[in-house]
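These notes open a run of structures that come right after.
Okay, so subunit A shows up in both of these, paired with subunit B first and subunit C after.
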Partner chain A sequence: MSSKRHSILPPVSQTGPKPPVNFSSTITIADSALLTGTHTITVHGESVIHPRARLDSLAGRVTVGRRCVVQERATLGAAAAVPAAAAAAPPAEAAAAVTLGDYVTVEVGAVVEAGGTVIGEGTVVGVGARVGAGAVVGKHCTLTAHTEIAAGEVVPDFTVVYSNGMRRTDKRGVAELKNKGLARQIDVLRRMIPSNPAKFA
Partner chain B sequence: MAALTPYTYIRCPCSDVSAPGRPLDGSSPMAAAADDNGAGDDDDRTFDPRAPRSNYSLYPLEYLLYCEDCHQIRCPRCVAEEIVSYYCPNCLFEVPSSNLKSEGNRCTRSCFQCPVCLGPLAVTSLETKPDPSLLAAPDNAAAPHAGPYALTCSYCHWTSAEVGIQFEKPNGIHAQLAKLRNGGATRLTAKERKERRKDPAYRTQAAAAPAPATAGGEEGGPSSSAEVLDLETQFANLKAFYQGQLADPNSADSGLAALSDLGFSSPTSLSRIMSIYTGGGWQDKKAKSRVGAMREALEPDEGLQPARLDESAAIDRLRSEGHGATASAAQLRDQPPNLGEAHLHGRARFASELRPIPYLLRTKRSKRCPVCRHIISKPEAKVQTTRFRIRLVAGSYIPSIAVRPLPLSSSSSSGSGGSASGPAVVPGALLEPLRPAHYLLTFKNPIFEPVRVTLGAPARTPGRFASKVTVLCPEFEIDANTDVWDEALKESGERDRDKDRRRRRGEEGGGQSSSNNPHHSQLEVGKIWERGRNWVSIVVEVVPASLRLAPGDPPLREDEDVLEIPMFVRVEWEGEAGGDDVGAAAGRDAAKEAREKRELAYWCVLGLGRIKQT
Partner chain C sequence: MSRRPPRGEYIETDTGNKVARKATLVGTQNIMLGGKTVIQPDVMIRGDLTRTVHAAAPQPASQSATGAPPNNTAVSIGRYCFLSRGCCLRPPGRLYKGVFTYMPLRMGDHVFVGPGSVVQAASIGSHVHIGAQAVVGEFAIIKDYVRILDGAVVPPNMVIPSFSIVAGQPARLIGEVPEGGLEAFELRDLYKTVGNNPQPVPP
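So, the complex of A and B:
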């Protein structure tokens, strides 16, 4: 039984400069993840970077917290769709482009734009969602699939953004439970995804 | 501007202006026009696809059904529907119609929709399961979920615990929910209400501790001495009170009894209203007992519920929580009526009061012809199957019309004799005004007899911008829809001669054309373009109108730039004698013979494309 599956997609081509990385020893990062840029990319302990996830540190530092999951084709630190917003962000040399708190899940195809974007602890960025440059998403938020957070917006803690931008507050109080679930998911993912942090070092 | 793919809509004859609200039968002018002798009065009136009325009568072929007995097209508007079965769209459980009367049109199992986002709700345990990865956790991880349950939405993360609704068991949610009020207080049953009314201890207690006890968490009502009754209790109290009044024999007959009959609080009006709700006939009661003036309800026990007009609590809450905390109109509309709640007097509706919505049941319906009552569509009664037992779709009776732009330089066009060069037409491209364009109409015959098609189209399209239309071959015959293999075997023999096949067939199809033309791509009046086993292609030439507006004209309306051609299609064929003359199109004189001449005529609309705006 061969567990090798061949992708129909073209092989990942590394373009752009290779960034300096700062990996924890416990992370899982797939061979075909894409890390580009000039600033440091920091990934804290037990986080999982899926294949073909793209971390781009051209605009600044990219920091991924503990026990985060960045799924396939998700992009952290994409160039801002609205360039004006990017210009508004402080262009300091060591500016943080994207900061993910702990227990953040960035699902398939989601885009987190660069420019001081912060995503708080326990937040789930849904499939195909887009977080604009400089947005600050609070803790334990849920951005459902294909939602868009405008550049510079501040989303309070425990907000659920659903169905074209409707918002409500999550009152379940299951943050702890969710974190535990994510920890278990990471346990599985670590066995599933062959890790190769040495490639990026 | 969105590209427009060519389309064909067929007009159901049921919406004929001269026969409003009535399906087509033998006396309507449409049928007269379709008759053999038929120079009906419909002939000179062109159907206008832009008329507001036409919006409701044009359907794609796929939407139409066909009555085999009337030989007529039936659209969704002119069929009679019958409900075959009711089922819940969530659990696909069929609900007997007897249950429907007693339990309403919502799923009474555990299927609920989220009141916030309409997503499906799932029953989850509120008890947090001990983490098995923690060593300190007690070793009862194998124990099933226990404790209170709530309905949660996995999309917007709404949970019924937010409104204080929790369940003891994970099944039979509907029954449990019916007993619960928002905030978790149980709803009183009729028996409990009666007991409470009798019980003086409860009454004093309720009077002593008035509003805070009864108002519930989210109500926060103003402190009034009156007890807050929910709708059900109030109605029960009122009913008991007035029934007691009606039964009271010693009500004095006043001299003004006749006048008080008219009043709002007169006994007769009241007894009439009561009988509407309680179901008794009121006439006999009125005859036998003319009761005197009644007094009004004075206490909560008698059903008096003063309106609470103090809205400060709601206003305060709006101030603190904002507009986002209120329920939207759509959310309120989706809420099922809830009798266990208090009056809406002085209360705003907040999102925190929304209850889970039991799924509305759906139906499977069979469709009947409104004229002959024959079933023309009947689904399988089982909910899980999507098949139909009977379905007479129009697509298997009337020729389908496909529209395709003809990529052809119009230099050889004999129809227009106009411009020397036309651009090749790509699908979805805009039509150049005042430049002839050609479209290929492919008629495909679905029936097993050869049909004769006659087309009629106005020379100029109706509407403000009249484009010129020329149907190059308005009369032709389509071969029968024979076995596919016949054609395939024939094809293999003449594959080598395939090149001249089209031309040859074109000549044979156009009866009146005589000259043998060497250029097979040439357009010729009276000739069909191409012919196949059961299809025929003909060419329509259009000269789109210029959309230039004269000064003072109203601006272009929506979709007014779409070139739509109304076309009258008459199909004749010889079918087997059906033996009934309900249908209008059936030739009545030929009914005696074994083979019967049949005829069907209808308007259709060809949407060709958008005209370029200059």
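So, the complex of A and C:
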């Protein structure tokens, strides 16, 4: 990018405290990702954090598993939309706010609220979806675009949530293939996204 | 300092594009704007997600040696497109012959993308209106004169024929654009109402 048009990519305003981070050496994190909060943000090996993704550890630890993809404008650890729900969640001070398993994809603009929220291995959180505080999403689930998982809800493994909350079980048995596909995607993204983990250290 | 003209909210290029300074364009070298396109603040375009289908060849460095540079356009946008505040364009990606690659996102002329929408289509025709908070899934193909209503979720790989109106979650065909309704897709007037010296909306 030429220096003349630097204004095209506005600088990211880093507000709030800088969190302690625990990065694997093999992750790819874009320069313009936003990390805020006071608790530790852990990102395990080969995960990819896109530009403008937001990880907020103000309410507790944020843990991202191996080979996860957090796309642009996704928010992990957002303050709960309903404060009462947050009170119901375990209020332990150092509790985990958000835990992503391995092979999790959080797509554009999705929001995962803080408060002991767990997302299982191989789950895809679709564009603009919202996972409430304390919800536990099982393994290999698919939350399609704009779906909402209520606070504290437990979603069983292999659930597909679509069309304003309709549910069905994914019986295709393609979890292994999906994980392999995601690994390929990560290989490509590692080359495309300039990584700068040192900025957050 | 005081002699310099005040910096406007938009950068206006020679070809008439109006790009907000607060828009997030990643990988600008791979984004093609046809001219007279408006990009409002907080729009995000992922031009860095380019095709990599040839990157599986021995080494990418050899591409420059072979002469013609590969066409790396990730997002191409036609004339008189209007990208509203907070929308996001990103090229769709998939496995192709065992290799993951992003494919270019092509957009015709007079395409309106509503605020907060996320578009990952493979191609969008001309005179398409995408409402607010809509999601267009990966590799969707949208033909000409299509209206996608607010909050619609177009599933991946969906093909929307010309003159359709779609809505819902997932998006379904709910009607057709009437004969006399084609004028409403023109975005020339809308183009004039934004920029550093916006014109009032004509009556």
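Here is the rule we use: the second predicted complex is superposed on the first by the 191 of 201 C-alpha atoms of A that agree within 3 Å, B and C clash if a C-alpha of one lies under 4 Å from a C-alpha of the other, contacts with A are read in each partner's own complex, and residues count from 1 in each chain.
Here is the rule we go by: a residue touches a chain if its C-beta (ideal position, glycine included) is under 8 Å from a C-beta of that chain, and two chains touch if they have at least 3 such contacts.
What you see is a predicted model, and the numbers here were worked out from it, not measured in a lab.
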Discussion item. Taking the superposition on A as described, I'd like to know which of subunit B and subunit C A:Thr144 touches: first, second, both or neither.
Written reply: both
Response to the item:
Max touched-residue count on subunit A (subunit B vs subunit C) belongs to chain C
Practice prompt. Check whether A:Tyr162 is in contact with subunit B, with subunit C, with both or with neither, and answer first, second, both or neither.
Written response: both
Worksheet item: Which partner does A:Lys18 contact after superposing on A: first (subunit B), second (subunit C), both, neither?
Response: neither
Item to complete: Applying the touch criterion given at the start, work out whether A:Arg73 contacts subunit B, subunit C, both or neither, answering first, second, both or neither.
Response: second
Discussion item. After the superposition on A, what does A:Gly128 contact: first (subunit B), second (subunit C), both or neither?
Written reply: second
Item to complete: Tell me which partner A:Met192 touches in the superposition: subunit B (first), subunit C (second), both or neither.
Response: second
Discussion item. One more residue to check, A:Asp170. First (subunit B), second (subunit C), both or neither?
Written reply: first
Item to complete: Name the contact category of A:Arg52: first (subunit B only), second (subunit C only), both, or neither.
Response: second
Worksheet item: Residues on subunit A in contact with subunit B in one complex and with subunit C in the other?
Response: 144, 162-163, 184
Fill in: Complex contacts: residues of subunit A adjacent to subunit B
142, 144, 160, 162-163, 166-168, 170-172, 174, 176-177, 180, 183-184
Worksheet entry | subunit B - residues contacting subunit A, complex | 116-117, 128, 131, 133, 152, 155-159, 161-162, 324, 351
Worksheet item: Inside the complex, what are the residues of subunit A that reach subunit C?
Response: 1, 5, 7-10, 32, 51-52, 72-73, 108-109, 126-128, 144-146, 162-164, 181, 184-185, 187-188, 191-193
Worksheet item: In their shared complex, at which residues does subunit C touch subunit A?
Response: 11, 19, 21-26, 28-29, 44, 46, 48-50, 52, 55, 88, 90, 93, 95, 98-102, 116, 118, 120, 133, 135, 137, 151, 153, 155, 168-170
